[in-house]
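Look for chain A in each of the two complexes below; its partner is chain B in the first and chain C in the second.
Presenting the complex of A and B:
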């Protein structure tokens, strides 16, 4: 028993030497562990923590009233904040409604079908968000494909304005975030034993009853995880609303983008960014039990 | 197969009634199945449509899409590959993505080892911090990085992009490698140590080959996290150094031509090719 003997000899060692001796053969020594995380801590200090601290600091640089006071005074900003939350919520709802059946098919279908379904889920995930937003512009613009089809089939005789509206933003964002909802639901459904459903059916439940009383409740952890990821990502989404949305559909990220690129008001942009950051962190902290990012991405391969 | 105790025994019902009831419920079931297949099919179509649309867009003769297309041409690809601006942005992005892959894979794998097997006092806090870049909105990080990089003249520079994209890519490596390490039985390593292997030997001969598929797929994700990234790149690019994402964003906003579709097709081909490669590598490893 090498492990236990090294453990007992450890206790006799003085503090400094214990840094270099592992507590057991299963773990690295404290010194080695710190050496291994050091590069990560260094890069994160330079490229993550320090910039965020500087951002928060800048938002206070002209006094609280100049930035946060203005945010509270003008109802426009509260409005944008509410719209952002509302759009994120509707995107999340739509993504769950559309994503659940796909996740179910991916988990339950026979090998070949499941492969096709999985390919359809992964191909958009590997397509840059920019490219997908561009495709939605081509689809939805005034002389775009959707309008051409609508006119050709006689449903309308005038092209409908779809691009640069809130609806277009919601549609394109739902499309972009759908895989992030499908994967966590899929990873839970996949581990669900078939026996449970078979047992329910044997006891006399119809297919619908077995689904609503057995499969659905057991898959809820995946649904909640996917919903939280989707909501958090939707809150901070910039590219799609910036390209597909218009001036009438201002969201927090596009407002920040406007403040930095058009109005060049960095302290106010920093204040808006801080608000968005706090909002996101609050959601994550509130729902951290449901959020198992690892579960969702563990299933990627 | 289950027995319905509440319906009368079958010999009390007329045979044709049974067959009618049977065919009715069978018909209802097959209609439901068809409806389910159709609705799932249309959601899948919705998912892949924008990506698939890139191909006809990049080949169309007119500058807008038409169905049926008037004719096919490769001139947008020629335009993409001969435009110095697009090529500069593409090379810049590829260089950054490759460097990011290397740095994020090394840093992420080391940190994953420490988080799973290490002796650290605040492991949960460290893990939460290391996944932070996935949660913090990219626009917030983009603005923050600009504020730091701009006075140091790191905007538009290789170093600036490398730092920013490494931060963004590390979580992907960390997640896949942590998952691989958790699947690995620690007893294997203990056995190697017991048989007289040193720590380093057991790491290179036992642990590394076993977690290699996880590292491979993590590095593929790291490459894409950098190459497909556009929000942070939007803020830390400048006239001298532009990533392909920033160039594409500008063109979509101001200069909407099918050259964008040709560039997109090129990017999607790289992404999907890379993912298929990572997938086959992982498959080959796990089957062995």
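Presenting the complex of A and C:
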């Protein structure tokens, strides 16, 4: 009885029934799709959006002057913000310059060679960030491998201070973030048909011009994607700068960590976080804009 | 004239153990339109890749005009190429695509370059599309841009790798004439690779047929159709029927053969069609075109005729195609083409007399396998 009554009620509401009716065998109906996305959306709302709103709210809890005012007043904080952006930028640039050739080799090499190169990229990616950062400490410390080597070869008599500098932070972060740049570039290069390069060569371009006029511009979407991921991750990177960097090279995440755990100034930490968040969002929007300017790329594949 | 001769001598290409091309010799005259046809895997694309310079032959030389280009880099060969999927640069406009080879050469001033590009746009009838990107064009338009880009720097030789493969039938036919028209006006030597023998027959001055990496025959379309030198070529170019037969005697330069059903006919032995002198008793394959078979009324009193049973009869507009299965060789089905309208339609199961004329048939040795 219940089934039949529910069936009649369904018939009475044709609009509701059609909501669940798929338009084709391969596509879920709009209502069913929403139902499937719901759990994830709920997790996002509870675990991400709510705390975020709370964070922004917290940053205003003691009045704007106490947090954002202080941030603007003391040049130290603007300095840290600029340093963070500068480090993120140099890490991104270094990662692209170092990563592009690797991605190119992976995409163009024979199967076996490509596999070895890919392993060299992936194995570090699967290793914990903590371990990779400690590895840099081992390499760069006062009597570490690099200094020992430098002294042994007679290039210096005194060990050079490398650890706890901004250079060390940039170096270690580039290493950690390199795979995030390599992979998007690789995936674009791999799907780039050989015919484009062949056509360029056939039409009179030497290997270098074929690369700079055809391969490189056609792989830019991958470069932009990798750069965005790398820059955003670098802006908020905590572990590596905390371990490899020193007090002289304070970055935003380290500063925020200090405010929350050492000084327990939560509203100010929240204000710093909000500023970092806005900066990140601005970068993402900027990159997307640059990307959408590139006309004709939609048909690359 | 812009076209130059192209000479391929003893070209060989080996990948590990496998041969892609073997002992390939071909001389192409200036401004000639030559097609290379063959089933897939016959080595025609390998050959093209070597002429373009993307790969080096394992042996042999390639000459364009008086230049030996065998080991020359592709960008120094001055060969235009139209790729199967056009390979238009997606990040450049139509105009920039066509200007690309001119910019690489930087022989022209900016003004002259722009004029030249506009000329090409006009030639391929795309004068209003210069500012568009390739993905904003239809397949046929992209194809024409690819042709314009290959022609713009006046290369003496142009390679086309199945350039019409991606287009639908109607557009293909239009583009065949279009390419032919442009080539005739421009004068370049064209090497046209296709697996479509009909396309080759329509467009070419000469056709080179390849099979398993070797050149089988190179001839004018008409010669190739009328005088194929092997059963493979006979089968590949146009439609061909094969009837098994046994040689029973030789008479005045003709072979006397016995067909299934004990019919005896005389077949011309033409020079060049096969190595002459099979012994009496050898099994031959007689090749006959669909339009050379006639069908008549079956007369059961005349035992010396070849009998067949009609399988299907199809009306194709200009003709009637009848499939006839031989009564005495059930594995042989002949394709017969009759002018439409004149004769009463045959229906399935009709018994007919198959009339073969020795003068329109070619004899090949029996061992050759029929190509798929």
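In this section, the second predicted complex is superposed on the first by the 258 of 301 C-alpha atoms of A that agree within 3 Å, B and C clash if a C-alpha of one lies under 4 Å from a C-alpha of the other, contacts with A are read in each partner's own complex, and residues count from 1 in each chain.
Assume a contact is a pair of C-beta atoms (placed from the backbone, for glycine too) under 8 Å apart; a residue touches a chain by one contact, two chains touch by 3 or more.
Remember, predicted model here, so these are calculated numbers, not experimental data.
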Chain B versus chain C as contact partner of A:122, first or second or both or neither: first
Chain B versus chain C as contact partner of A:277, first or second or both or neither: first
Contacts of A:184 with chain B and chain C, given as first, second, both or neither: neither
Contacts of A:47 with chain B and chain C, given as first, second, both or neither: first
First, second, both or neither for A:241, with chain B first and chain C second: neither
Per-residue contact with chain A, leading partner among chain C and chain B: B
Partner chain in contact with A:226 - chain B first, chain C second, else both or neither: neither
Touched partner set for A:209, first chain B, second chain C, both or neither: second
Common interface positions of chain A, toward chain B and toward chain C: 201-204, 294, 297-298, 300
Chain B partner contacts - residues on chain A that touch it in the complex: 2-3, 22-23, 25-30, 32-34, 36-37, 39-40, 43-44, 46-48, 50-52, 54-55, 58, 98, 101-102, 105, 116-117, 120-124, 126-139, 143-145, 148-149, 175, 178-179, 201-204, 232, 235-239, 242-243, 253, 256-257, 260, 266, 269-270, 273, 276-277, 280-281, 284, 293-294, 297-298, 300-301
Residue numbers on chain A that touch chain C, as the complex places them: 193, 195-196, 198-206, 209-210, 213-214, 217-218, 294-300
Residue ranges of chain C in contact with chain A within the complex: 52-54, 73-75, 77-81, 83-85, 87-93, 100-101, 104-105, 133-135, 149, 153
Partner chain A, residues of chain B touching it in the complex: 1-2, 4, 36, 39-40, 43-44, 46-51, 53-54, 57, 64-67, 103, 106-108, 110-111, 113-115, 117-120, 126, 129-148, 163-164, 166-167, 170, 172, 175-176, 178-179, 186, 189-190, 193-194, 213, 217, 221, 224, 227-228, 230-231, 234-235, 245, 248-249, 252-253, 256, 260-261, 264, 267-268, 271-272, 275, 278-279, 282
